[in-house]
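Read from first to last, the chains carry the letters A, B, C and D; within each, the first residue is number 1.
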Amino acid sequence: MTEKRNIAIIGAGIAGQEAASVLAGLGYKVTLLEKQERMGGMLNKWSKLFPDFSSSQQILDTVQVSANKNLSVICNADISSITKENGRFELSDNSSLKVYADLVLLATGYNLFDATLKEEYGYGVFENVITSVDFEKVHKSGKKLTTLLGKEPRRVAIIHCVGSRDAKSGNTYCSKVCCITGVKQAIEVTRMWPDCEVFNFYMDLRLYGSKYDSLYLEAQKHHKVQFIRGRLSEISERQDKGLQLKAEDTLQGRPLRMNADIVILLVGMEACEQNADLCRNNTLDLDENRFFKSKNIHYARNISTQPGIFMAGSCICPMSVNETLESSRSAAFLVDKSFRSVQVEE
Amino acid sequence: MRTLMQRLGEDVRLKEGLHACMSCGICTAVCPAAEYFEYDPRSIVVTVQSGNEAKIRKLIESDTIWMCGQCMSCKPRCPRNNCPGLIISVLRRVSQETGAFVKSRLGRQQYLILKTIGTNILETGYCVFPASVVPETHPEQGDVWRWIYQNKEAVYERVGANLDKEGPGAMRKIDRENLNELERIFAESGGNSFFSTIVKFSRAYAKESGFTDADGEPDMEKYTDFLLNEDNDEK
Amino acid sequence: MSQFDFLKPKSRQIEFEQFDDRILTFVLERERSFLTCISCGGCTATCSAGNLTSFNIRKIGLSLRRGSINDLSDEIQKCMFCGKCTLVCPRDINIRNVVLLIKKRIAQLESEKTL
Amino acid sequence: MMKNSQVTVTKEIADDNYFYLRSCIRQNFFPGAEKVFLDILKNKLGKNIIDNANHISCTGIGYHSDIVPYETYQAMVARQFALMTEQGLKNAAVSCITSYGGYNEVMKTWKEFPEEEAKARKNLKNATGRRFEIPENISHSCDIIYKFRHDIAELAQYKLINKQTGKPLRIVDHIGCHYAKIFPEKGIGGAEQNTVLSAIVEAWGGQSVDYPERRHCCGFGFRHYLVKNNRSYSISNSKKKFESMEPYCPDMIITNCPGCNMFLDKWQYALAKIEGKTYSGDKNGIPVLSYEELAGLVLGYNPWDIGLQMHQVDVEPLLKKMRFDYNPDEKYLDAGGKFMGQPEFTGCLP
């Protein structure tokens, strides 16, 4: 019996690392490939997590893997091609790197929506317009959120669905985690500045997770966060660099104009652009939202359309941290199961 | 008989303008009309989307559809690529074809627009021309316009226009042959019958409302006068 | 000049910069639960007055929270204080008390002639 | 799915051999503007542009005030294309924003619904015997000035500088709604951060100034202006724009739409009559010029040749800021040099 035990995992965010540690623990030879200099992926950009304000660093530390006899980690490896020859997968980047594996696990994660594409919101033009990720950076630094001129904001508006549920951005799906992020960040703003008014502009509040709705209640009850049902139509800059917002208060059926000192855009999750590259020369496929397509979205979520390639985390669809970790373990289980069934057949 | 929804659906602009609305209000937020009238393009789209005949009937008989200014500011924003402004054009068309327009004050004004712009187009080949912008009915045009109006020939000649003369150039006279072509296009493409429909329903409404001459026929001068002075306070 | 018969309509736009918080602050100080309204409309659906008149308690609450309090004083009189709204509220807001407080505050402001 | 909100829209603009499609409102209120546009193209830039006497209104104002049905409008547009075809020209130079939006709307419809194009062809043929080819390029005349803005800058005799202070003139722009809102990809810079006018202003030495209600409609509203009782809508929306630009103390407003140009000029006057107020810090108001008129000025045309005496808000304060060499005494002389009387009053407030 030939031992087929080599697994390549693309992406060393929390999904890739969690799967790597499970599979290495089961005795497989795992190669973890990361395109950045360091592991951790997108979660490195976050400060605190919903719904409990725990530190994202704590999660990063918990899932952190280090190389051992079963696990090797290669950073700066931007894999752009997967081919299968003689029953083996060959992974290569644009330089000379080649990695061979019996099975591949995709954990390539997501990209953040580029908010400059929503030109009507003026991100990149008006300096008091920031994204949810910019806010996390401020929060992580331990500083307080201030206006461009260093002043305490009197009013902050948080905009839901930026680059999500929007044909104009080419993303018609829901990014799922933005609503609860908006509620979390609203509370964080009022914790920084108790006198600051915070308004969330939403279309539907999709607070699906456990404890998410109670965070919403807490935001209203203890932090006076206000919610306006209406998609923001435009932001303009005023002479004092303050911002003017226009939306409809759809629950009243009246247009609304508001000034705000800072606007936070809740940018959605997009599929990575490299996904399309990875689909060349194999039967991997993308879904209508450019994420990797599952063989079946109910019972084979982690199984791709190419036999031997599995998927974990938010390269399948937008996911929260806990869903990502569960998805990784589920993928690891399926990888293990796949090896076992091959051996039984042989 | 065709339902209203069928009539609306026959217009290609409904297919272009209505995909699926999720009631986000992004259109109403920037709508210049929503700010000044009891008007909400979002709810109009929702009504059309519902396909409910009774509601659509009520809509095309109401003032609401006539409040849109056709600026199309709604168009570039909609996250579902709808265009409320275009849907409203279709509603207005059906409102006029079915005679529903005479049931609302703003709808009845179509007769006034027909008498001014419609007549201008057919008689001169232009939507507007200097003699049509009468200072008395256009006080906002100001003293400079009054001066231009009173010295048309000299002023237009001074700035190189060709007012009411043969040949090319600004404000030149459109010759008979071209006007005949225009008329034939209107006849061929339904423009004339659309005009007649507006006139027919307006005459019937005028008669019904007692604007008649000695023979009991509609007196359209009286009716026009009524329309011009019809209460413009928002109810 | 009478010939310039323009500029009639008042803007319907909710202008946050003209936020009138005099009723809202009074209500919130005495009935904090009002903060947690999610505009679900349960109150309006069950409202006795709303079933007979154009009274819309959800919208009144919303106007208050948007700081537009004009035309509120007549509208609020339509409430019949049956209290069903309070029973159905999923956020457990004492809506009946909210209405009472609005009326009380309006009466105060009217006696000061500032409304 | 295609992303249509790309930051930079680079549309193609033909560089010669245009068929001129004029605007009812422009030729009516600002005939000098169209005269100077044609003159710049022919005599300064050496381009071929044809002004055809058979060309008539596209009936766009009738279409958007809903008395002209879409089929008729399409046939009228088809006729414009037929005139172009007969002249052997493939590039439309459209002066009117309503027509510009309309031509693009019709083209989009024909692309999506070929049966509509077939109907328009049939209607046109039956009515006039004419046939047409689809134009290769449809540009608004502001696109053409935009394209040649640097050439114009090289020929310029004046810069958009306030010679009294040495600083660039502060210019706010207003883009006609139908230029890029209906089809963002048809306007330079798209619907949201449109740059067609600001690039022109900056190429000629001026400073383009942003203001919050920049993208708001001027308030024409078709049926809202056409019926006198409805004009509140028009003036209210223009007022909203003036209030928004006032704190920025602009030296002038530039527009690309003939209608907007007229309304922003006249409503300042009407607002002064109603409210006793201007938004310019003086009694005159903020001068409103189109891009052709402004091109004419930087190229040193006589302001009275290009019709600037036809504006209600007086342009002379602007000319003085530019230290423009002009003769105020010729303002109201006719073509033969004879005084033709003068307006009782120019500007906004006495």
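The criterion applied here is as follows: contacts are C-beta pairs under 8 Å (C-beta built on N, C-alpha and C of every residue); 3 or more make two chains touch, one makes a residue touch a chain.
The structure displayed is predicted, hence computed values, not measured ones.
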Notebook entry, point to check: Going only through chains that touch each other, what is the minimum step count from chain C to chain D?
Noted result: 1
Checklist line | Chain pair whose interface holds the most contacting C-beta pairs | finding: B-D
Note to self: Could you work out how far the Cα centre of chain B sits from that of chain C, in whole Å?
What the structure shows: 38
Notebook entry, point to check: How many angstrom between the C-alpha centroids of chain D and chain B?
Noted result: 22
Next item on the list: Quick one: report the Å distance separating chain A from chain B, using the average Cα coordinate of each chain.
Entry: 50
Margin query: By the touch rule stated above, which residues of chain A touch at least two different other chains?
Written below: 120, 167-168, 229, 234, 249, 254-256
Check: So which bits of chain D are touching at least two other chains?
Finding: 191-192, 215, 231-233, 235-236, 270
Item checked: Numbers and ranges of chain C residues touching at least 2 other chains -> 1, 4, 6, 8-9, 11-13
Next item on the list: Could you classify the connectivity of these chains, where an edge means two chains touch, as line, ring, star, complete or other?
Entry: complete
Next item on the list: Sort out for me which residues of chain B touch chain C in the complex.
Entry: 34-38, 139-140, 232-234
Next item on the list: Would you pull the chain D residues touching chain A in the complex into a rising list?
Entry: 1-7, 190-193, 210-215, 247-248
Check: Can you list the chain A residues touching chain D in their complex?
Finding: 116-120, 125, 167-172, 234, 236-239, 244
Check: Quick one: in the complex, what on chain C touches chain A?
Finding: 12-17, 32, 35-39, 58-59, 62-63, 65-66, 91
Next item on the list: Enumerate the contact residues on chain B facing chain A in the complex.
Entry: 22-31, 34-35, 40, 42-43, 76-81
